[in-house]
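Letters are used for the chains, namely A, B and C, taken in the order the chains are written, and counting of residues starts over at 1 for each.
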Amino acid sequence: MSTPTVEKHSAALDAAELGGVKLITVTVRIRRFNPEEHPDPVWVDYQLEMDPKERVLDALNKIKWEQDGTLTYRRSCAHGICGSDAMRINGRNRLACKTLLKDVNPEKPITIEAIKGLTVLKDLIVDMDPFFQAYKDVMPFLITKGNEPTRERLQTAEDRERFDDTTKCILCAACTSSCPVFWNDGQYFGPAAIVNAHRFIFDSRDEGAEQRLEILNDREGVWRCRTTFNCSEACPRGIEVTKAIQEVKRALVTRRF
Amino acid sequence: MQTDYTYTDDVVVASAQAHTGQGLGTGNPADAFVVEPPRTRTKKTPRRTRTNFEMLAWLFMRLSGVVLVVLILGHLLIMLVLDGGVSKIGFAFVAGRWASPFWQGWDLLMLWLAMLHGSNGMRTVINDYAEKDSTRLWLKTLMGAATVFTVLLGTLVIFTFDPNI
Amino acid sequence: MQIHKYDTVIVGAGGAGMRAAIESTQRSRTAVLTKLYPTRSHTGAAQGGMCAALANVEEDNWEWHTFDTVKGGDYLVDQDAAEIMCKEAIDAVLDLEKMGLPFSRTEQGRIDQRRFGGHSRNHGEAPVRRSCYAADRTGHMILQTLFQNCVKHGVEFFNEFYVLDLLINDGKTAGVVAYELATGEIHVFQAKSVVFASGGTGKFFKVTSNAHTLTGDGQALVYRRGLPLEDMEFFQFHPTGIWRMGILLTEGARGEGGILRNKDGERFMERYAPVMKDLASRDVCSRAIYTEIREGRGCGPDGDHVYLDLTHLPPEQLDAKLPDITEFARTYLGIEPYTDPIPIQPTAHYAMGGIPTNVEGEVLRNNTDVVPGLYAAGEVACVSVHGANRLGTNSLLDINVFGKRAGIAAANYAETVDYTELPENPAEKVQALVDGLRESTGTESVAQIRKELQESMDTNAMVYRTGDTLKAAVADIAALRERYKNVAIQDKGQRYNTDLLEAVELGNLLDLAEVLAVSALAREESRGGHYREDFPTRDDKKFMQHTMAYQEVAADGTTSIRLDYKPVVTTRYQPMERKY
C-alpha cells in the first residue's frame, strides 16, 4: 500500500505535468447567426493563441471574453456533466467542454456550428423545448402501484446494472440532433427520449413499462430508428444508445423486460 | 419596452406561455428569421397508435429478409450456376420448372416477399426524406400502385402460365 | 413588460429548487424561475454520495452523524438544525429512492453505503460507511430524479429567466423581477412567497469546481435589499480538484481507498490526521496539501500539486465505483488512473455561508426576525448546518432536507395570506440596471475585471489567509468595483444577450467577494475553512458566533458593509479540540 508511486512516472503523466506550455495559433470557424442583425447565418473566423490541451469551450470563452462579446452559446459546468454545450465541432456532435483542441486537429480551422434539427435562435443556441417535450412524452419517472414500502424498495445489484448505462444521460441532445431521421422529421421522439424510456422500462422497480412501450410503438416511435449508430457515436457519456433503442424494440416484440 | 406603465389587471399574464414546447412566438420581431428544421415537433405528437402496424412492418422486414436470403441465393444458384449456368435458360426450362407446384410456390413467395420488403423499405425512405405531407402522400400512393400492379401481374402469370402457348 | 401572478415562486432549479418545487406544486400554484435549463444545474456535478445513518452495512445512528456534522463545522454549526438534518436524512434518502433514484445496491438489494471524509463511528472512533451513492454520479442521479418528478407533478418552469431583483413591500415579500434571456423582456412575478435556491458563488475564485453560472445571484440581490448574509468568510476548498482546472474528483475516491501522496510518495495525511488519515475533513486535507506544497514536497516541475493515488485499487473497482472521475483524468489530463497517480490541488468548492434562515427555511432579516414570505434553501442559504466547514455529502442532504422544508413552508404560508401589493414601478431598478449596461460607453471589460478578481481572491483569500492578504483583497475588490462602474458590453441586442448576463453576474461576484473579504478580515481566529496564519487558533470566547454582514447605503449612494454577530445554537455538544 505504501509503495511510492512517483518512481513509475509514465510518459503520459510527465506530459500532463509539463508546466511550460507551447501555444499554437488556432483558427476557429463559427457559424454565426443573429436574426436581429441579419436573416442569414454566416461563417466567421477567429484566430487565437491556445494551448492544444485546452478545451474547445476555452477557445469559445477566449473569443467571447477577448475578441467578440456578441458570440453566444450555452455553458455551465465546463466538464461534461451538465449537458449545456453540445455543438457540431468539425461536423460531429460533441460537448465543447469535453473536447480538447488537440483532438480535433487544430492545424486546420476548427468548424463549430449549432446542433442540427432544432431551431437555431442565435449563434450556437437552439430551441431545446421540442427536445424536452419528447422527453416528457415518454413519462420519464418511476411509476409504481400499490402502497409504498416503509424502507427502500429492494433491487439486486444485477437488476440495478441492467439499466445502468441509460441512467448516465445528461439530456445534452447530442444524440437526438445527430440522428438523420430527426433532422428530417422532428416528430420522431429521438434517441434521448428513448434512452430515458429505456432507463425506466428496464428498472425492476418500475411498473409503467407497458404504457411507455405503447407510446414508443407510435408511428414516430422506436420503429423510425434506422440503426445508423450516429447517436452512439455522438453520446459524450458513452451510452450505447443504439443498443438501448434495439432493446426497446425487442421488448416491444417479446413483451419481456 | 417601457418603464412607465400603469398596473392594471389587463397586463397580468395568467400562466407561463413564453416556453410552451413550441419554442417560437416569443414576441421578438427577429423570430421571423430563425433557422428552422424541416418539421418540428408539435402538440399532436404523442399520439397512441391503436395498431401494431409499425412493429409488424419492422418484424416483417427482419423475417422476410432472412427468408429472402435463402430464396434468392437458391434462385441465383439454380439459374446461374447449376446445370451449365445461364446458357440453359429458355422457355422450356421455365416451363419445366413451373410445372411443379413447388417451384411455383418458391417463385410466388419470392415475388411477394421481395416486393413487399422492397416497397416497405421505400416507404420508410419516403417517410424519412419527404418533407411535405403532400409529397409524402403522392410518393407513397405511386409506390403502392406500382407494388400492387407488379405483385398482381406476377401472381397472375405464375398461376395462369400455359406451357403450350 | 409582463406581470405574472403565482402563489409561490422558486428561484433556481437545482437540487434545492426542484425539491422545493415538488412539494410546493402539490400545495400551491408554483412557478420555478431558472437562468438555466433545470438539468444544467450544478447539483449534477456532485459525485460521492449523500450521507444518512441508514445502517444498511454497519451500525450507525443519526446522533453520530450529528456529532460529525458539528465537529466537521468546527462547532460553528447551529446544533438544532444539524439534528434536524441528520434525523431527516434517513427519510430524505428513502424519499429519493421512492422517487426512483438508482442507488448502488448491496448484495441484499439495499442501498449501499461507503466511507466519506469526516464521517465516523461513535464520535470519531473510526470511519463509518454512511454515504449512500450511485457510483460517482450521485448528484447527477439526484438532479435527474428530481427533474423527472417535477415532470411527473407538472411543475411550471420558466427556463432561462434570470431573476434580478426581489420585491419587498412594507417588510413583506411581494415578488421578484426576472429578465427573459430569449427576448430581453422583463417580467414581474407577483408572489405570496418566494424561495431562493439559486446556488453558490464560487466563480470569484480562479481554481474552482464551480460552474461558470455559479455567481451568487440570489445572495447578491437579497443583500442589496438590506438583508444580511451570514458567515460568508467560510468557503470550502475541496482537497482534490484536477490540477489547474479545478474539476472535482470526489472524496469517494479516498472513501474507496485512494491515497494522497507528495513527491516522495509519502502518504502525508498520516502526519496530519492519524486516525482518519485521508478521510479527515476537507479543510484539514486542503491545508495539509498546501503545507506540503509550501514546504517543497509538491509534485511536478513547479512543485505545485500533489497526487491522488488510485493505482493500488483494482481496475474493476474503479470502473464500478468511480467511472466518471477516472474518465475525467483520461479526458482532461490524458493519463490512465489504473497506472498513474492523478495530479490534484485544492479547489474552491462550496460556500458555507449565505442567506441566513431558520430551520423552516424562512429568511432572517436580523438575528431573530424573519421576512414574511421569503425562504431560502441549498447552497444559497445558511441554516447553518455546515458551520465553518461542510462535511462531504452534507450538501446533498442540505438541499433535500431543507429544500423540502422550505417548499412546504412556502406553500403553506402562501395559503394563509393575500398578495402583498407590488411596489410602484416594480421593474424600475432592473430596467435601469439592464439599460445602464446596454447603453454604457465605458471602457472596462467584464472578462478583464473578473480575471483580476479571481486572481486576487486566489492569492489573498484562499486556504491560507492573513490580515495583510485580506486587506490586499479588500483593496483590490474596492478598485475593481470602482472600475466596474465603467464597464461596457459589446452585445447590445435583446435576444440571448449573454454578454449582458455576464456583466450582471460580475456585479454580484464583486459584491459578494467584498463581503467575504471583509468578514474574513474581522474574524481574527482560525476555524474550519477559514484559516488565518496570523491567528492560527480557534477563539471560542470571541468568535463562537456567526458573522452577519449588512449592506449600508449612505445618503450619497456609496455602500459599505456593517458586520454584526449572531450567537451559535448549542444543544448537546460543547466545543472541544478538533482532531482527526
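The criterion applied here is as follows: a residue touches a chain if its C-beta (ideal position, glycine included) is under 8 Å from a C-beta of that chain, and two chains touch if they have at least 3 such contacts.
Because the structure is predicted, anything quoted here is derived from the model rather than measured.
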item: Pair of chains whose C-beta contact count is the highest in the structure; value: A-C
item: Centre-most chain, if every chain is reduced to its averaged C-alpha atoms; value: A
item: Whole-Å gap separating chain B and chain C, where each centre is the average of the chain's CA atoms; value: 54
item: Distance from the mean Cα position of chain B to that of chain A, given in whole angstrom; value: 30
item: Multi-chain contact residues (two or more partners), chain A; value: 34-36, 121, 132
item: Numbers and ranges of chain C residues touching at least 2 other chains; value: 159, 182, 494-495
item: Residues of chain B whose C-beta touches two or more other chains; value: 19, 28, 30
item: Chain A-touching residues of chain C, taken from the complex the two chains share; value: 36-37, 39-42, 44-45, 93-94, 97-100, 102-111, 134-135, 137, 140-141, 144, 148-149, 151-152, 159, 182, 211-213, 243, 245, 247, 259, 261, 263-267, 299-302, 305, 307, 309, 311-312, 324, 327-328, 331-336, 339-341, 343, 445-447, 489-491, 493-499
item: Chain A residues within the chain B interface of the complex; value: 33-36, 39, 41, 114, 116-121, 127, 129-130, 132-134, 137, 180-181, 183-187, 189, 214-215, 217-221, 223-224, 226, 249, 252-253
item: Residue ranges of chain B touching chain A (in the complex, touch as defined); value: 19-24, 28, 30-42, 45-49, 52-55, 57-59, 124, 127-129, 131
item: Chain A residues touching chain C - in the complex, by the definition given at the top; value: 1-10, 12-13, 15-20, 34-37, 53, 55, 64-66, 68-70, 72-84, 98, 100, 121-123, 125, 128, 132, 135-136, 139-142, 148, 151-157, 159-160, 163-164, 167-171, 200, 203, 205-206, 238
